[in-house]
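Each chain gets a letter, A, B and C, in the order it is written, and its residues are counted from 1.
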Amino acid sequence: MQFTAQEIGFMLNGTVEGDPRVAVDKLAKIEEATAGSLSFLANPKYEQYLYTTGASIVIVNHDLVLSEPVKATLIRVENAYSSFSILLEKYNTIKLNKTGNELPNFVHPSATVGENCYIGAFAYIGPGSSIGNNCKIYPNAYIADNVTIGNNVTLFPGVVVYFDCVIGNNVIIHSGAIIGSDGFGFAPQPDGTYNKIAQIGNVVLEDDVEVGSNTTIDRATMGSTVIRKGVKLDNLIQVAHNVEIGENTVIAAQTGISGSTKIGENVILGGQVGVVGHISIAKGTQVQAQSGVSRTIAEENKKWMGSPATAYGDHMRSQIVVMRLPELEKKVTELEKIIAELRNNKH
Amino acid sequence: MQFTAQEIGFMLNGTVEGDPRVAVDKLAKIEEATAGSLSFLANPKYEQYLYTTGASIVIVNHDLVLSEPVKATLIRVENAYSSFSILLEKYNTIKLNKTGNELPNFVHPSATVGENCYIGAFAYIGPGSSIGNNCKIYPNAYIADNVTIGNNVTLFPGVVVYFDCVIGNNVIIHSGAIIGSDGFGFAPQPDGTYNKIAQIGNVVLEDDVEVGSNTTIDRATMGSTVIRKGVKLDNLIQVAHNVEIGENTVIAAQTGISGSTKIGENVILGGQVGVVGHISIAKGTQVQAQSGVSRTIAEENKKWMGSPATAYGDHMRSQIVVMRLPELEKKVTELEKIIAELRNNKH
Amino acid sequence: MQFTAQEIGFMLNGTVEGDPRVAVDKLAKIEEATAGSLSFLANPKYEQYLYTTGASIVIVNHDLVLSEPVKATLIRVENAYSSFSILLEKYNTIKLNKTGNELPNFVHPSATVGENCYIGAFAYIGPGSSIGNNCKIYPNAYIADNVTIGNNVTLFPGVVVYFDCVIGNNVIIHSGAIIGSDGFGFAPQPDGTYNKIAQIGNVVLEDDVEVGSNTTIDRATMGSTVIRKGVKLDNLIQVAHNVEIGENTVIAAQTGISGSTKIGENVILGGQVGVVGHISIAKGTQVQAQSGVSRTIAEENKKWMGSPATAYGDHMRSQIVVMRLPELEKKVTELEKIIAELRNNKH
């Protein structure tokens, strides 16, 4: 797809400065852009690149004052960064604009599929499931029995949704994510073996949730594992049975949440964090990467770190001393000697 | 499916107290149950809910003495919890009761499939592989060449079993788990590159093993990576080549076991634990979440914690002092001053 | 497949000692080998097994002097280990020697596939994608639109490659690995919600890269996430958007690299390591398992450990004192008492 500076200026409600007929067919960072690229300049720190860039068109802020001549055609807008973001999104929407049925796929006669959907080859939609409008079910995705899926939902290739799960609107699930596999529940027996505890609950993903690739979210033993509106989960995350994650919480890759834990709204968990089961984490909490949360966090909007996680400042202060420990130990040994000496001199 | 109190009482060999014609079609926790639900009361702590629950039927222990009138129909049994577990399991068995061939699937002419199996659409069974009776091979599951699978095995959607692997009876493998991918073996070359060492062994999963979603178990370089009878693995676990995991060992999510390590029977590893290669862990060992086991654990039935893991009590004692370190360091500095003063006064 | 000692001797350019007609059909370790097995002896430590092994043929070094009679047929070569490795590889090549089209699969009319390829059942190759020669695209693998794949590439079952990604020659990707899913980029809004930032870049895997099962590599926001020539990634690794990993770097299982970080050549990262975003790690760096790298490592060829990672020696020295902390604290308390006493005596 090719667009001219004039067309883009019109799309963004901006002012074209330079040749309006120049055309672009790709997006690039200003420092890496080559001919035919569209780029943007938002941060004044990068202004130097404006005068050397190979980009054919650059989106800039209305109030930018040039200090040198510029080869590229400029498009001046209110906010260069957000205008560029809009273009990124449009670009992606066109890229991912698939509709229709690719054969062979498997849609059970008792399943319902809304309008304007894409059902890829080898995708599977089980008995009693319903899919809303404008959904994209990519190849090799699997939707089991009695699953409910809203509108504008994208399941990338290889996503698996187990039976009875419920998915809201505008949800995006990346490849290999598993929604609704059995919770890890086993009753120990006197002879050392374990009996499986049947997991008959489900998973509910509310609207606007995004789930990263190869993340796993287990179904509840009974009731629901709930991921609230607007939650964003990165890749390779583990969410155990009966967990509840509050609205607009963001969790980075490889973090694990143990069973029945409740996480509040607008929480941020770094990568590789572990959270034990049956606790709660207050809204606005932030946990640094690789931390281990082993107790309920009741106070809101605090920062935590370490394993076990403690208040961020306390942790940092302790860690600094840990690095000075060999020195501290040496000091104590010297003090012991001096004191022994002082005592001997006394007697 | 609807069941009356009378039918359930008969199934559980229990006594019905109240209207025997009341019917239920779902299972729920006593504190969340609504009309049409079956629930249970085992823990006396929750007795209060019995008098307020919306459940239509509640399973209780024989010896429960009511302190208030109850609206729900009661079914009195020897052990309410285990009776309810039996119902959960029956419910799940009915839910997951699939048989027959969904087309298209791919079963190589040289493969054999036992009686009463479910082979889902887009499932693949390679040359020379054999599947026992009552197996469920869900859609998009892949079984390579010369794989042997016992009876009553379930492979959920997207499971991959590489060639030559052996799976026992009653094994459950959740979606996205990969059994038998190559071990991570590379021989460093003088020029800094690596040569792949072919991995020609296999993986053996014995009877009653359960593997969580997106867990990876690598094939042995030569010989077998062995997961013994009754082992339960949670989600996103890494088991490297030539590892052996003893009977009835339970491992929580995101834990990783490095190559050639041997783990004993009835071990419990918490989540996000790391175990180095070429060591062994004695039977009955328990390792806390996020620990790192860097040496052989020879003594049985002990608890370990930390990275590197040390005896649980030692670790806890050290960690408490770590939090007091800034204070300890200040104390030492003060002592130094006082001693310098004492010495000066002497001379 | 059966081979005689004579045939194998010829293949390896070795000298046969004993019955040249003895045949083998499997490979095994010398201490576990049974009749019909081919084994090798490279490390003199294991020489004892040569006299007791059940193997029918053993490959040994030219200069080995026997101290007892041997039942097996020997094949003497320059280097027993590397000769055996060659056989392992040949064995594996034969095992994995698949070609042709298994139906049904989905190859878009606008996609191109080279010569001598295997396209498994339920594999998907999207519009505009091109696959080189001698490639193996296993069942249920998914290749999106406009993907470029070189020669001799293997995608095991269930691999997903998102649109626009580029894969070099001789690349091996194990089952469940996801190449090119969206980077984790969201712009926080004043009301606490997040707006998705479109991820329009791609992933580039250069020649000779191997990717482990269920590893995830996210596409760049713009530009490319780049995995350079000869990089080996183990299972369940997370590589975030815009990361660059230098040539011949090796990363163990469950490690995570955050966005925009640059890792140098010939780096070794242990398992479960975390690396924060927007830093760089110098060539030849080695990081111990479970460490957390939180700052740029500028000095080459050093070893690091801990979370946050510090120089290996410093970390070890501190950790030793950590274990002696309760003792150290007790000492300080005693010193305080003695000093108080000394001071009192003075006055």
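Keep this in mind: a residue touches a chain if its C-beta (ideal position, glycine included) is under 8 Å from a C-beta of that chain, and two chains touch if they have at least 3 such contacts.
Chain by chain, the UniProt names read as follows: A, B, C = UDP-3-O-acylglucosamine N-acyltransferase.
This is a predicted model, so every value here is computed, not measured.
Visitor: If you list every residue number at the chain A and chain B contact, are more than half found on both copies (same) or fewer than half (different)?
Guide: different
Visitor: How many degrees of rotation map chain B onto its copy chain C on CA atoms, rounded to the nearest 5?
Guide: Angle of rotation between the two copies: 120 degrees.
Visitor: Find the geometric centre of each of chain A and chain B from their Cα atoms only, then give the gap between the two centres in Å, rounded to an integer.
Guide: 25
Visitor: Show the residues in chain B shared as contacts by 2 or more other chains, in ascending order.
Guide: 104, 122, 140, 158, 176, 214, 236, 254, 272, 322, 325, 328, 332, 335, 339, 342 - these are the residues of chain B that touch more than one other chain.
Visitor: Within the complex, which stretch of chain B touches chain A?
Guide: 27-29, 32, 85, 88-89, 91-92, 95-96, 102, 104, 120-122, 138-140, 156-158, 172, 174-176, 208, 210, 212-214, 230, 232, 234-236, 247-248, 250, 252-254, 265-266, 271-272, 289-290, 319, 322-323, 325-326, 328-329, 332, 335-336, 339, 342-343, 346
Visitor: In the complex of these two chains, what residues of chain B are touching chain C?
Guide: Chain B residues touching chain C: 104, 106, 122, 124, 140, 142, 144-145, 158, 160, 162-163, 176, 178, 181-182, 184, 186-187, 192-200, 214, 216, 218, 222-223, 236, 238, 240, 254, 256, 258, 272, 274, 276, 292, 307-308, 310, 314, 317-318, 320-322, 324-325, 328, 331-332, 335, 338-339, 342, 345.
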